[in-house]
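Okay, so chain A shows up in both of these, paired with chain B first and chain C after.
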Partner chain A sequence: MSSTPAPVQPPSVDPMYPGAPPDLPPAEARSTRGPKNRRNLLAAAPAAAYLVAFLVIPVVVLLAYSVLTAGFFTVTGPLTFDNYKDALQSNLTWELGRNSLIVGGATALISVAIAIPVAYWLRYHAGRWQMPIMFLIALSMFASYLVRIYAWRTILGTHGVLNTVLMDLGIISHPSSLFIFNQTAIVIAMVHISVPYVMLVMFAAFRPIEPRYLEAARDLGGGSLQRWRRVILPLIAGPAISSFIFIFVLASADFVTPQFLGGPGDAMLGLNISQEFTASGNWAAGAALSGIMLVAYGLCFLIAAVGLRLTGLNKIRWTT
Partner chain B sequence: MSARLRHHGVAGAVFTALVLIFLLVPLIIVALFSLHSSPSLTFPFKGFSTRWYSEVFGSEDFRESLFNSLKLALATAAFTLVFGTAAAYGVTRSGSRMSGVGVAIFMLPITLPLLFVGIALLIALRRVGIELSLLTILIGHTLIAFPFFFMIARVALERLDPMLEEAAADLGASPWKAFRKVTLPQVFPILLGAAALAFMVSLDEFVVTFFVSGNETTLPLFIFSRLRTTLNPSINVVSTLLMATTFVLFAFAFVMAMWGERKRARRAGNLMDVTE
Partner chain C sequence: MAEVTQADRPGGALAVEGVTQRFGKTTVLKGIDLDIAAGEFVGMLGPSGCGKSTLLRILAGLDAPTGGRVVLDGTDITATPAEKRPINTVFQRPTLFPHLDVFENVAFGLRVAGASRSELNEGVGEALDLVRLGHLARRRADELSGGQMQRVALARALVKRPRVLLLDEPLSALDLKIRLELEAELRRLHHETGATFIYVTHDQGEALSMSDRVAVFSEGEIAQLGTPRDVYAAPQTSYVARFVGDANVIPVEVLAVASSTARLRLASTEAEAPCPAGVEVGPAQLVVRAESVTLTEAAGGLRGRVIDQAFRGTRSSYLLAVEGIERPLRAEVPSTAFGGEGVEVGTDVGLAWAPAAARLIPADPVAPPAMEAAA
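The block that comes next holds the complex of A and B.
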C-alpha cells in the first residue's frame, strides 16, 4: 500500500522581513503605520508645489505667449498663429535650426562613441584603477560650464595654447585661425561638457553584464564581433540611445558656446531665442521658436521611445 | 585571460588615458595660467606670480559677486536639503501610484534645456510683477539643484531596510518621530553630501542666472562679463577658485557617500546577527 506523501509547502518568506518565522502574518497585514502609507506622499507636496509654480506653469505661460501678439518685452491679445508662421517662413530659422541639428547631432554621436569604449574598459579591464578614474570623470563633470568654454577659447584661439605648441614643434610656422570660430570648436567644447555624463551612464549600463557572461559567450564559440553584436549591444542600446537624445537636446539648445567659440555663421536657435528675450524684446517670436524646439524635442523622445519598444530593446534586462 | 582580451585591455587603457587628458588638461591649463606673471594666456610660461589673484580680490565687482554666490549657494543647499528630503521621503514611503508623477515633475528641471527653464521663469516672474533680484536667482538655483539632490536622496531612502521604520511604528513612534530617530540618522551623511552637490550646482549655475539676475551679479556672471571684454588671467583666477571649491565639495560629497554606505552596511550586518 502506497501513500502519496503530502506535498511539502515551501515556507512562505516575507520579502519585507526574510528572517521572520513563517507563521507571522505578512508585513502589510502586520503594520498599519509602516513605511508605505499613502499619507506620506504629503511630504512631497511642498516641493511639487514649488516645481509646478516656478517651472510647469512658467512653461505653460511661455507656450501661451507663442500664440499671442508681440509687444515690446510683453505680449498682448488677440490669439494668433502668426508667430509660428513667421518663424517657419523665415530662412534664418532654418539656417539656425540646421546649425543646432549639426552641433547637437555631432556632439551626441561623438560623446556616445567615446563613452562606450571607455566604459567597457573601466568595467572589464581597469581593475584597481576603476574607482580613481571614475572619481576623475565625475570630478570633471562638475567643472563649471563657462569655465570649460573659456578653457577651449584659450586653447584654440589664434594666439592660443594649441597654436604656440604647434609652432614650437615646428609643425606650423604662423598662428592658424582655423581652430576657433567654427562649428568644430563648438562641438569640441560641447563634447568636453557632455562626455562625462555619458561615460557614467554607460558604465552603469555595463555594470550588470558580468565578465563570466562574456566568457560564456566565448566558450560557446562567439567571436569578439559576435559577443558585441549578440550580448553587449542589445543590453547597452537602451542607455546609449537615451544618452544620445539627452545630449542632443542639451547641446542643440546651447546658446553660450556659439557666442565664444563659433563664427558669424554658426549661431544656433538657442542664441536667437535668448536674444529675443533679452536684447530685442520680441517675446512672442522667442516663445514661438521655443515652442517649435520643444515640439521637436518631444518628437525626438517619442521616436526613441517607440523605436526602443518596437525593437523590444526596452525589455531586455538581466535577471539576477 | 586570452592574449586577445589583454590586447583589448591595452588599447582600452591608452584610449581611456587620452580621454582623461582631453577632459582634464584644459582645466589644468586654466588653473596654471591663473598664476602667470604676464597677461599672456599661452606658452612660453614666463613665471609664477599671484598678481592676478591680488587684482581680482581687489576688485569691488568680484567681492560682490563672491558674496552673492556664497549666499545663494548656501541658501540653495539649505532649501534643497529640507524640501528634497521631504520629497524623497514622500515618494519612497507612499506606495502610491501618484509618486511616479512626482518623480517625473521632480526630474523635469534637468530634462528640459536650461535655456527654457530660464526664459520661462523670467516671463512668469515678470507676469506676476516680481522684480529680478537675488531672490529670483535663488528661485532658479533651487529649481536646478533640486533634481540632483532628489536623485541621490531617493536612492538612499529606497535602499534603507524598511524593517527598522516598521519596528519603530510598531513600538508606537509617530511617523515624524520614526523619521527623526530612525530614518534620518541612517541617511544623514548621504543627504549632507547631496546638499554639497546642490551648493556646487548653485555656485556654477550660469544659464538660468543670466535670465533672472536683473542687476545682481554672481561669480559665473562675473566671468561672463570679463569674457566679453578683456581676456587675461583674471578670468583664470575666478575659474580656478570655482574649480577648487567644486573639487573640495565633490570630495566632501564622495567621502560622505562612502561613510553613509559603510554605516548602512554595518547596520545591516548587525541586524543579521540579531535575526539569526
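The block that comes next holds the complex of A and C.
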C-alpha cells in the first residue's frame, strides 16, 4: 500500500549495542497520523452506516418510548420517568431479572466451559480430524432454533426419550416429570444452541497459540496446570470473556425457550418485555424494561473491558 | 528444580545411547550414540531433515524416542518429561509469551517453580544482565528487535540455571551482523555459565567457530564427530568434505601405496598424496579444499577450463571443468593472482595444489548422498 511518509520520532539506539538495530518506539508512537487516517475514516463509513441504522436509531427510538407516557399500543407525551420507577419497584421485574441472571449466567458459563477444552483438543490433538469436526460443529448451527427446543422437549418430556430409556433400564418405575419444565431444561437447551458459536470463537482464539508456545512453557518447567494458568488462559481470556457476555446477553433475554421448557415460575425478563409490547400493549413499560436491560448489559461489558485492559489482555500482539 | 544435582559443576554430562526415532514408516534417527562432557560446547551440523532437530527435541524431553536412552550425569532421563529436566532450550524463533513483558517472560521459569519475590527479582535481574538487556525489562515482545527477542529467550532459559542448554538454530532468522554479535555473546555465555551447550545448526561457519566438538549429521546418523579443525581438515567421507567447507571431492584410482605416500591416477594425470592408513590400491577419492587449489598459466599437469568466476574482494572463486572429472572443481585464489586481472571464462588454465593439502579418503560405498537433495 502506498502512503505518504508520516513523521515518526527518530529511533533510539541501544546504548549497550550500538550495532544492534535501533529499538522500535512503542506501538502507540508508531501509528501514523495524517492523510492515511482520513482514508481509514472513509473505509469505516459502511460499518458506521450499519451501526447507525441497526443500533443507534432503534436504541434512540426505544429510549424515547421509555420516557413517554403509555397509551394503549401507543405512546404519548408528556415526558416521564414513571415507566422506569414502576419497572424498578415491581417485584415481578426483580424476580424475572433473577431468573434471567441464573439462566443467562449458567448457560454462558457452561457453554464456555465446554467450548474451551473442545477447542483445545481440536487445536492440538485432533490432527486431520480438525476441519471435518469444525465443519460438523458449524453444521449443527443450521438446525432451526425452534426445532432444537422441540427436540429437547421430546427428549426430556414425561413420555420422552430419557424417561423411556430410564424405565427400560429399570432405574425408574414411573415416568418422571423432573426433567422438564424447570430452569435446568431451559439451560440444557440454551447450552446446546450456544456451544457451537462459542466453539467457533474459541477455536479461533487458540489458532495463534502455536504448539511452540506450550512447548516453551513446558521446557521452562511449566506442568499442565501451570501452562493453562500462565499461558493458555491469559491468551484466550479476551475471546472467552467476549463469548461469555455474548451468550449471557442472548440467553438471559430469551423469551421462547422458557415458554417451551420452563415451568410457570421460570419466565425471564425477555418474556415480560415481549408481552408488554404485544399482549398488554404497554409500549412504554416494555421500552423501560428494555432500557434497564441495556444498562445492565452495558455494565457487564464495561466491567469485562476494564478488567481486560487492566490486565493488559485486551490486545495480544503476536510476534513471529 | 533439578532432579540431578552436582553442585560443583554447573554443566551436565549427557550420554545419548542408541537413540532412534521413527515417525510412521520414516526413520529419522538411526541409532545415535554421542557422549557429551560436562561444560562442553557441541555443535550438531547438518542440512535440514538430517535429524539434528529431532535429536534436540528428544534431549529437551519434548518428544520421546522410539528407542535408546538419554542419560544425564549417570541418571536415565529418557522418561523424564521436559518440565522436570534440568535442560532448557532456545528455539529457532524466540517464542516469547506475547501477553508478558520482558521481565515476566524471563521470570516465567521461576514463577512456575514457585520462587519467592526476592529470588525472582534477583534471578531475573541477573539473567537480564547476562544478556545485557536490563534496561528493556518492561518492554513487550513486539517492541523488541529480532536479536533482542532472541537474547530475551536466552535469558529466559538461563534463569533456570540449566545443566544443559539446547540451542535450535537460534540465529538462523537474524541478519548477518546480529548473528555475528550473538555468536560472540553465546561463546561468552557458555564461558560464564559453565553449562553444557548443544547447538544445532545448518551453518557450518557457526558450528566451526563456536563448538568444542562438531557432530556432522547425515540422514539420521552422525557422519563424523570431532573438533572443528579435525572435521574441517580431515573429513572421513565425501559427504563431510562437501558439507563442511564445500571441498572438491575428486574420484581417483590409487595405483601404488608406498609407506606414507600414494601414487594416484587423477583424470589424465598422475599425482601423489599423503596416504592415511586403510587406503588400498583401487578406486578412492581425493579431497582438495578450494583455497588449496592454485591456478597456473604453465602448461602440463592437470588442466581445466574456467566456466564461472566471481570476484569476492580479497579472494576470487573459479569453477573449472576438467576433462575426466564429472563435477567441476572449485578454486579460491587471491584476487592479486594473474596480475590482479583475474581469468576470463573460457580460458584454459593449469590446476595445482601442494600434495600435503590433499587428503585421500575411501571411495563412497554406493552412490554418494546427493547434496542437492539433502539440502
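Things to note:
Criterion: the second predicted complex is superposed on the first by the 263 of 320 C-alpha atoms of A that agree within 3 Å, B and C clash if a C-alpha of one lies under 4 Å from a C-alpha of the other, contacts with A are read in each partner's own complex, and residues count from 1 in each chain.
Criterion: a residue touches a chain if its C-beta (ideal position, glycine included) is under 8 Å from a C-beta of that chain, and two chains touch if they have at least 3 such contacts.
If you're wondering where the values come from, they're calculated on a predicted model, not measured in any experiment.
For chain A, the partner with contacts to more residues, out of chain B and chain C, is B. In the overlay built on the shared chain, the residue A:Arg148 is in contact with chain B alone; chain C does not reach it.
In the superposed pair of complexes, A:His192 makes contact with chain B only, with no contact to chain C. When the two structures are aligned on the shared chain, A:Gly221 is found in touch with chain C, with no touch to chain B. Contacts of A:Ala44 after superposition: chain B is touched, whereas chain C is not reached.
For the contact definition in use here, the residues of chain A common to its chain B contact set and its chain C contact set are 16-17, 19, 27. Those residues of chain A whose C-beta lies close enough to touch chain C in the complex are 14-17, 19-24, 26-27, 212-213, 215-223, 226, 230-231, 234-235, 312-313, 316-320. Every residue of chain A that touches chain B in the complex is listed here, in rising order: 16-17, 19, 27, 30-31, 33-48, 50-52, 54-59, 61-62, 65, 73, 114, 117-118, 120-122, 124-126, 133, 135-140, 142-148, 150-155, 157, 159-161, 163-165, 168, 192, 195-196, 199, 224, 249-250, 253-256, 260, 270, 273-274, 277-278, 283, 286-287, 290, 293-294, 297. Across the complex, chain C meets chain A through its residues 1, 60-62, 81-84, 88-89, 91, 93-99, 108-109, 111-113, 132, 135-136, 140-149, 156-157, 160, 173, 175, 177-178, 181. Of all the residues in chain B, the ones that touch chain A in their complex are 4, 8-9, 12-13, 15-16, 19-20, 22-24, 26-27, 29-30, 33, 41-44, 83-84, 86-91, 93-96, 98-99, 102, 105-106, 108-109, 112-113, 115-117, 119-124, 126-127, 139-140, 142-143, 146, 150, 162-163, 165-166, 169-170, 175, 197, 200, 203-204, 206-207, 210-211, 220, 223-224, 227, 231, 235-236, 239, 242-243, 246-247, 250, 254, 272, 275-276.
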